[in-house]
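Shown below is the structure under consideration.
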Amino acid sequence: MLTIKNLHAEVDGKQILKGINLEIKKGEMHAIMGPNGSGKSSLSSVLAGRENYTVTQGEVIFEGKNLLDMSPEDRAREGLFLAFQYPVEIPGVSNLHFLKTALNEIRAYHSLPAMESKEFLKLTKEKQQLVDFNANLMNRSLNEGFSGGEKKRNEVFQLAMLDPKLAILDETDSGLDIDALRIVAAGVNKLRSADKAFMVITHYQRLLEYIVPDFVHVLYNGQIVKTGTKELALELEEKGYDWLKEEVHQKESV
Amino acid sequence: MRNSNEIIDDIANREYEFGFTTDIEMEMAPVGLNEETIRFISAKKEEPQWMLEWRLKGFQAFKKMQFPKWQHFEMPELDLQKLSYYAAPKKKKQLNSLDEVDPELLATFEKLGIPINEQKALAGVAVDVVFDSVSVATTFKEKLHELGIIFCSFGEAVRTHPDLVKKYLGTVVPHSDNIFAALNAAVFSDGSFVYIPKGVRCPMELSTYFRINAENTGQFERTLIIADDDSYVSYLEGCTAPKRDENQLHAAVVELVAMERAEIKYSTVQNWYPGDKDGNGGIYNFVTKRGICKGNSSKISWTQVETGSAITWKYPSVILQGDDAEGEFYSVAVTRNKQIADTGTKIYHLGRNTRSRIISKGISAGHSDNTYRGLVQVGPRAANARNFTQCDSLLIGDRCGAHTFPYIESRNSTATVEHEATTSKIGEDQIFYLNQRGIETEKAVALIVNGYAQEVLNQLPMEFAVEARKLLSITLEGSVG
Amino acid sequence: MTSDKSFYEFISNGVPGPEQKVDADNAILPARKLAFGRFKELGLPTVKTEEWRYTNIQRYLKDAFTLAQEEQGTVTAEQLKAAGIPQLDSYRAVLVNGRLQADLSTLPTGGKITVSKVSDAAGNPQLQAWFDKHPHLQSQPFAALNAALFADGLFIEAGVNASLDKPLHIIHVYTASANAFIQPRHLIVLHKSATLEVIESAVGINDNAIAFVNGVTEVVLEENAELWHYNIQSTVKNSRHIYHTSTTQKADSRYHHFNFTLPSAELTRNNLSVALTGSNTETNLHGLYLATGTQHVDNHTFVDHLVPNCNSNELYKGVLLDDANGVFTGKIHVHQDAQKTNAFQQNNNLLMSEKANINSQPQLEIYADDVKCSHGFTVGRFSEESLFYLRSRGIGEEAAKSLLVNAFAFDITDQVHIPALQDFLAEKIRQYVAGAINN
């Protein structure tokens, strides 16, 4: 589904990604871990097409198409979803109106007719229940005045509504208390399926107790330095990142 | 991906949708302005002597006045002697029914999306259509008549209800108020007249649709709305004009009178031709609008969505004379290309416990200049007066200007006046967020701008809120912060 | 003949013209002549002049004045003490009608900071470079009049990296025996990375004659310089003040201006303007005005953001009693190139009597899009609820009101970094409130 080859990127002239290689197949759950400043969020930004990131080398193929050639909205329409670490607030634009616009834009891209209001509302209700999202938040302005937890749950709710092929969760767990984390994780687990893939970016192993990954990758200094299974995450939680950093530096000095 | 400059160029090049002209035989006054012109207009309209005298008083005042200098733009050269002050569709006798309206004219309004055919009319909206300052059709007259509501052209009101007109004409905007009001007093051609009797709640929206068509004319309509004790009316005006290379002057006057516990809601969706991207042509929209809350506990509310005109220069005002009276002003003003807007409101708190609320949302793009100017004045008698003002400016692109010039004058220590203003641009992070949900940049901006203006758009009657939303989207579609 | 004309004639004909010497070498004569021409061109403002619409200056110019050319009267030690700030440890420059009195002053010596008479420093290249050059002064008739006919004033220059161990206190004494038009003028230049604290205060010592003071201070802050600039306005009742303070800030400089207008000059008009010509600057403008009787206090401020990445913050607060008039006009102008500007302005007012009034014009004029700008205005009265609460806890009315006015002013007084000055201001507020209640 997604193939990242030797991806290099910079922001403000500073190299952030220094040769990422990664393959994600249908149905897989990949966790990306790493210390602060290792490039985790930059990776999600580059994949989603944030403007101030410049790709200097490498390629990204998404469902057979060159992802890097596409505008951010076309990436979304092709089925790439980013759950933002810091969802923005847009005053005056209701959550419902926003979602309907997004959904119908994506449908139009795939030459599907706009969804009828009735059908849309039905879908909304269904997904609200699925991910346990508070219906009262639907008519409020997009993320405005939402608590941190409500914003993150709104991201998961949007994920359920827009039904993408690949979902990138960028530190969706940060700042959540344990109850909110459980609800968010339960929502994500319900959305897992054989034809959907996930990339979960997190700083803490805690999330991975609730969302069990098939692969764990450790990002350090703009590169994936280690790949393993969920046991790797446990090891990281226990020992921290320092041993890995040393390992990397030893390799470099050899 | 398209960069912001391309998209901004795009908006700049967007065509004005209503720029066609109607080929219809017109009767016009000779070019120029003197006492003869005024007598000509008055005679054409078969006016009584008192009306003519009032016009002449306006003309005397006009001759002594000069253009003001305090506005935040360069006053264009206006040669008032080069205009024709009367233009009317020729085939006009007394129209008894809509069937008698010139088909060409009907087609024009069809094209503009203004249904003047009652069968096709928007449910619950009565429309008075003014074409080059002459009222050509008023719908739902019968139904309104049953309730005692008078809704007709100004000219008709002068003939059929001279006492009412005499009693209120010029009481809110005197003939010598300012140079454009004086000019209007002298040469006004038509407009709408509304009287809501005591205790009547007008069951439908009343609406006037203004269209400038003829060349080298100005439009000088005059609207007078009186809401008697315990009555309510909601009134809407809309406007368009053809594309012409020269500028056209629109100097209208609107007077509102709200008696005891009466409420008037006046909404404007202004989409006059704004000129082309280099600033050629377009309407000079120099309008005097003022309402008086004469009675206790009365209320006047202005809502305006301003997207058109080369220059918009107006301050719909409220005089809160009665105790416990309430005034509101909600405004969205959008400027792009080389458009100029210097607009806002004046609220005069005279009575006790009077309240006012001002919400202004300015949006500037291209090389335009958008100014909020407003006065909140609290008189010595206005104990416990309260005002809240919020003025926000949104900038799209770095070649435009957004300015806020409030004037606050408080003469009563028990009054509370609050004013807040902010200036910002559309956040790139907001656009990116919407992009990531599959919404392209043009739509994203429209969505954000509509959200930004939400509080004002909510004040419009439903049908027109939809129209206004569409207008905002097409006006600003695709601007990037 | 209108009063306007008579004052104008008095100024342009009735007294020696700009040819009159200020300095021995006539080094600033060309600049003075230029300014005089400008004054004649601008003329005197009327209420139709937008910037003067709330201050009818004509009525304050009706009286007959003489130009205070000669030193008049003597200053006693007691009078000087009255002009001082108790407990303040400072250098001191005493000026009588704009002229420095060396024998009454204690000036810093031997360092990189020099304080001299403008007339003595007229040939100084810094003075030549900056005198009457501030762009915002060019359209101001009273500033032009000052430049043309000023008596004298201070030229303060701080060298690279210079600083003082304590503040410099400038005391103005106005001693005219007959109605006098007094025009002091200062120029303060801080070179790279210099820092300085300057306090200005004034005392009038003749109740029988009107002192009309038309002062100008120009400030230049070179790169990374920092100036704390306090201006305390409290003189006798029948004095009238027009004061222009115009500052130019270069990159990385910091300017902190405090203006305290206390009872009871009958007219105070301050024009404070700052031109930001270098990036990454910080500008903090604070004003507190307490007015009683028929005092008219008018503060005009102008922050001109010409370059990117500058921050300005402005807070003006007023408490008005009796028939006092307050005017606040604050403009923030952000030019097209001044991206990433942060500019904030706030004006809050308390009206404590039925007849007091306030006119305010907070203005934003913005031509750059990537900026954060806001202004706010409020006017209201005392919270009766708060007053009642305090009184129900046994605090007397006067003390309670004093507490509330102090609380209202706290945002500003708290920013004052000199404890003796803070105490002085607290005492002034207490006296003001007491005076208000005993009236």
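In this document, chain identifiers A, B and C correspond to the written order of the chains, with residue numbering beginning at 1 in each.
Here is the rule we go by: contacts are C-beta pairs under 8 Å (C-beta built on N, C-alpha and C of every residue); 3 or more make two chains touch, one makes a residue touch a chain.
In this text the structure is predicted, and so the values were computed from the model without any measurement.
**Student:** Measuring between Cα centroids, what's the chain most distant from subunit A?
**Tutor:** If we average the C-alpha coordinates per chain, C ends up farthest from subunit A.
**Student:** Using the mean of all protein Cα atoms as the middle point, what chain has its own Cα mean nearest that point?
**Tutor:** Smallest offset from the overall C-alpha mean is found for B.
**Student:** With chain centres defined as C-alpha means, what is the inter-centre distance between subunit B and subunit C in Å?
**Tutor:** 44
**Student:** Between subunit A and subunit C, what is the gap in Å from one C-alpha centre to the other?
**Tutor:** The computed centroid separation for subunit A versus subunit C comes out at 57 Å.
**Student:** If you average the Cα atoms of subunit A and of subunit B to get two centres, how far apart are those centres in Å?
**Tutor:** Taking the mean C-alpha position of each chain, the two centres sit 49 Å apart.
**Student:** Would you tell me which residues of subunit B are touching subunit C in their complex?
**Tutor:** 70, 380, 393, 395-425, 481
**Student:** Flag every residue of subunit C that touches subunit B in the complex, lowest number first.
**Tutor:** Interface residues on the subunit C side: 50, 336, 339, 349, 351-381.
**Student:** What part of subunit A is in contact with subunit B in the complex they form?
**Tutor:** Contact set of subunit A toward subunit B: 48-51, 71-73, 75-77, 81-82, 84, 87-88, 90-93, 97-99, 101-103, 105-106, 109, 141-142, 158, 162.
**Student:** What residues on subunit B touch subunit A, complex-wise?
**Tutor:** Listed in rising order, the residues are 1, 427-430, 432-441, 443, 447-448, 450-455.
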